[in-house]
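By letter and in written order, the chains are A, B and C; residue numbering begins at 1 in each of them.
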Amino acid sequence: MTSILDALVTGLVYGGIYALLALGLTLQYGVARILNLAYGDFLIAAAVFATLLYQRFQLSPLVSLLLLLPASFLIHLLVYHLVFVQLERRRGSWRAMEASSILLAFGLSFVVSGAMLAIFGGKLFSYSYLLVPVQLLGSVVPANRLLALVLALAFGGFAYLLLVRTRIGTAIRAIAVDPDGAPLAGIDVRRWAGLTFAFGGIICAASGVLISMFQTFNVPMGVTFTLKALVVVIMGGVGNAVGALVAGLILGVTESFVARFISPGLTLAAVYGLFVLAVLTMRTGIFGRALR
Amino acid sequence: MQRYTRRAVLGLIGTASISALLAACGGGQATPTPAPQPSPTSAPAQQPSPTPTTAAAPTPTVVATQPKKTLRVGFAISKSGPYAAGAGITIYPNYVLWAKDVNDAGGIKLSDGVYTVELIEYDDQSSPEEAIKAIQRLVNQDKVDLLLPPWGTAMNLAVAPVFHQLGYPQLGVANLSDKTPELVKQWPGYFSFLGTSSQYSEAVADLLSDLANQGKIGKKVALIYVDDAFGLELSEAARKKFKATGFELVYDQGYPLGTTDFQPILTDIKQRQPDAFVACSYPADTLTLPEAAMVVDFNPPVFLTAVGTAFPVYVGKFGQNAEGVMGLGGIDPKAPGLMDYYKRHKEVTGQDPDRWGSPVCYASLQVLQQALERVGKVDRQAVAREVATGSFQTIIGTVKLEGNIYYGNWLLGQWQNGEFLALWPKNKAAATPIVPKPAWKK
Amino acid sequence: MGSITRIAVLPVMLVLAALVPFTGNDFYIALGISILLNAVLATAWGLFAGPTKYISLATAAFFGVGAYTVGLFYERVPMLALYPIAALIGAVLATFVGLTTLRIQGMYFTIFTFGLAELIRQLMTWYQRNVTGSVGVYIITDITARQIYWSLTALLALTLLGGWLLARSRYGLALLMIGEDELAARHSGVRTTAVKVVVLALTSAIMAVTGAIVAPRWTYLDPNIAFNPTLSFMPAVIALLGGMQRFWGPLVGAIPLVILFDQLNARFPTTYTLILGLLFMVIVFVIPDGILGLLPKLQRLRGAAPAPTAAPASLSAPLVPSTPTRTASPGVDGITGTPRASTLNGAVLLEVNGVRKAFGGIVAVDDLSFTIREGEVFGIIGPNGSGKTTVLNLISGVYEPDRGQILFLGRSLAHKAPEEIARAGIARTFQLVRIYPALTCLDHVVPAALFGGHVRSLAEAREYASELLEELGMGQFMHVPAGQLNFIDQKRLELARALALRPKLLLLDEWLAGLNPSEMLIGMELIESLRGRGTTIVLIEHLMQAVRRLCDRCIVMSFGQKIAEGTPEEVLANPEVVRVYLGEADNA
């Protein structure tokens, strides 16, 4: 019994990072309608900066968080307006640019990771921060993972309140439903979509900094994080902040239970099993219609 | 309609050239560090981009009287993709360092003169197809005299038939596999300098038996392994040997490649109170396992992780907490020339080499060089024969291959006072094991 | 003469390509394999993604499965047998994937396929570990680089041939329609899911065979290599950069791009990825439609006609006016026997019983019942938002009713997809015209005739379609892209497409809306002529003038409910109707 509770608690805490990871991407795709394949690469960039600041200047990652989040916001805002909006202008509408935007996102991903590769190569980055065991409901979890969960809940809650409870949120959701139609309703699509994209960028950078605290990474691993985030995004429903949170936590708990009570070898298989299940139910329309 | 086709072709050519031009310009502007010259470049100019070397290279003492000739040495290595990490730590810097060392010392003396080494490099993008293409390019277009191997078992195997067919010796380092003894029958120019996987597993079991016989530990072992080729080979051989030597496996589970959460596994293992924890792990896991162990306060007398334990980043990350952790590899600082190598490596490449594959890689290059000098000319078949049969003085001691494999490596080491000292084989040990391992400091 | 040259270009190129190994330089073979590998994968990818616009990132999954088939079984099964096995496994896997995911649209599909390769990689790792006890496979054969080169050349030739045939077949056109407007395709009777799954399976089989051919070259396979994500990205990138308007677009992309990538990689080993990324971004901006897009836009509009190979060309090809199957005075509908005068006592054709449909909290149709008899023209009128179009969508299978049932010829339409309903004999037009601007008029009508299931061959369908267009007065537009038609002609084209199904029941959704007065007269006459031939018609209409003139009976809807039923005169005299209708009319 205690071990079940323990597996549940640690699973939830470890799921926090998945939730955080997916939250940024789900907002970016859900609202800005851009499948940001460079997500993982931007994440790695934040992680690399946090590591370098920590190793070279002994700057706490929590402090670099304050530096990197606004920086990431600005960069994403710039990327959105200088790259994707320009493409949209050329194509005439969001729908017309879908295939091109994927190509562009590939390019962006290559540019971000390529620039880092040219500087750092495949070098491994790893350091420990906030590796303090914390007692939580009778289980022990590392503080850095707990922080990830807290941030996920905070960002997720913020996104939810913003999207569902405010007029701006209504406007943003209108964009999500119909980017080409929204201007007719007097919504400045580019402005709001850009801000949401950049907000996703903030979450992306936050995930990066947190991941750098407890995970070994190198530049070519960006795509792994994109993939992981996508899996959670699909499970939670694209553009659905709460869905991403729940799916992330479910993933954490699943991994924890499978590793503990079945076999550690099957953790990823279980995760992808859930993923397939999510896609299959989606087909019958539980989430399907809202996500068109 | 003919015109239409011609126009299309012209359009294509135009696009291709425009994009090539744009690419060239784009590359020029965006490269953050002074971009390496398009290869081929002569080796001394070839710096790994991250950090410009600060140390002045020792000026060559011998001034060759006759005009130098160049020995073109080519290689394709993973500079991007998943294999870039391993290649960037163990292999690539050693190629650069070796070429510089050789040239600083005056070059390679062959019967018809002294040759300086010129390195020609390509990125195989962690793709076997690209690796094969790059090797063909090196041989057919660049007409290189010698080839150096890529990183990783998969890449080495992908290019092995090409090396063989073209008659180039392949002095593989990061191509550890239990299958090597079989493969060399097919490819007589295929070598492996890190040995075989089971050699390492058996060393683990032997070391643990030795400790058990001394009464330092009991006979309960917890074994985990990454579900990938090397992890599985390693664990399989270890399992057999543990059973044969009377150890009890209290835990024996694989975990998927890319696992980041080891807390559930270690929580479970901790309850079984093993005397030794053996993880057939890859670098990312190796660097994460101690964290999970600290969180759940799991501190067995022997804590042994596999690949990556010997990386400088390990001690950089864990500092004091690395103390007492065992892993694959290890060095003996008293070995002649070895510490000098470490110093030079750091000066030239700007990075600290690992304590396992790096010195072996450098040694393999020394073997190649000595074999070439003994043969006296670029006769690749003869060089291969010499490598297979000769014995060579290197930074890791005297190297003599058996069946194209070098079995004499330091197999296991332990972090002691910030150095990864060799523990096994016992006759080459640089230190006695610290067992039980000190408690994790928080 | 010219066309012979064009047709010969591809085969000649392939033959030339097959001669490369005789240059004696193995580097050219290696480069050639690289080009061929990417060309085959990109072409196969483009065959599906080009017309349908489904961007799949799962190429690596199928490639890897094929490669592993060889890796696991090459010692026990002869190589030649392994290729079809690999193709089969790839096709089966793709069928499964297609059935589960192809209903998902747009980017969502892309995201899923991106995860799919990972999923299959995990399954393969798990399988291999548990069955063979290791994760890597050694493939040691005596297959040479030349053999692999030639095998890939042959596979490319087969793929191109397949693409050419596909483009010429009805399925090629069906795919195009799916990509342009899937719903309209379904209402033309195209079994969209089946078509998509079949084509996806075929192209995936090609990818699997590619994997099987290449695997022996790599000596060693592990999941990282076989399912390398680059294998998914590159073909997509190459096909998109090459252009997907034609089946050979990806090939046009593969040759220069692979050479360019190769050169860049060789010259800038350290900054290659960065340069590649910048290059992609520049290309997206500079040549948006890929390399093919550089060809004059006109080529694209002509459609399909110019290329030796493009599909619609053959469909639109001039008819051979031979088969005298046409009746003396061909009924537009062509099904029912004698045209009958409007009557109220024909057999019951459609029965709507207590149907309700709600969207979220809004009830669009509530407890609606009516009956339509054979041969009548039945009007559904009512103010905007009263649920008329929803009724039409319920009948044609776009929506499923929440409650109640719809019977067509006594059989329930529940759980029937739009294409099944279309094939059963209910055709429709759309309130907002849904045509394919790039396709010719004939190409709109031919598939409906084909997929409606009453003609056997393409030739027959072509003939039928052109007769139909002639009768609707559109003979001169036969080979004109629909985008160039004026509004009434587009409406007529939609009508022709609906009639080509030989419907027993024709649903016209505000077909007269937006026409100017003179066009309106032509339109009404057209509908009358259909009626005169006995086609049963449901007319959703706003214009009282048209309702009075055309309808035998009608119902009036308001807020989802039927408020009146009867002849136009009766209904329009109903005070409730007057209140609802004129009230709104005053506002308007």
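Convention: contacts are C-beta pairs under 8 Å (C-beta built on N, C-alpha and C of every residue); 3 or more make two chains touch, one makes a residue touch a chain.
The structure displayed is predicted, hence computed values, not measured ones.
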Looking at Cα centroids only, farthest away from chain C lies chain B
Chain with Cα centroid nearest the overall Cα mean is chain A
In whole angstrom, the CA-centroid distance of chain A from chain B equals 34
Separation of the C-alpha centres, chain B versus chain C, in whole Å, is 52
Where chain C touches two or more other chains simultaneously, the residues are 122, 126, 129, 270-276, 278-279, 283
Where chain B touches two or more other chains simultaneously, the residues are 30-31, 35, 49, 79-82, 126, 227, 254, 256
Among all residues of chain A, those touching at least two other chains are 111, 113-115, 117-118, 265, 268-269
Touching chain A in the complex, chain C uses residues 53, 55, 100-101, 103-108, 110-112, 114-115, 118-119, 122-123, 126, 129, 229, 233, 236-237, 240-241, 270-281, 283-285, 288
Contacts from chain B onto chain C in the complex sit at residues 1-2, 4-5, 7-8, 11-13, 15-16, 18-20, 22-23, 26-27, 30-31, 35-36, 38-39, 49, 79-82, 121-123, 125-130, 132-134, 136-137, 139-141, 153-154, 157-158, 160-161, 166, 179, 186, 227-229, 232-233, 236, 254, 256-257
Chain A partner, complex, touching residues on chain B are 30-33, 35, 48-50, 78-89, 92, 126, 224, 227, 253-256, 258-261, 263-265, 267-268, 283-284, 287-288, 291, 294-297, 308, 311, 313-314, 316-318, 351, 442
Within the complex, chain C is touched by chain A residues 29, 33, 35, 83, 86-87, 90-91, 98-100, 102-104, 106-115, 117-118, 223, 227, 230-231, 233-234, 238, 265-266, 268-269, 272, 275-276, 279-280, 282-283, 288, 291-292
Interface with chain B, chain C side, in the complex: residues 1-3, 5-6, 9, 25-27, 29-31, 33-34, 37, 122, 125-126, 129, 133-136, 138, 140, 214, 217-222, 224-225, 228, 230, 252, 255-257, 259-260, 262-276, 278-279, 282-283, 286-287, 291, 294-295, 299, 306
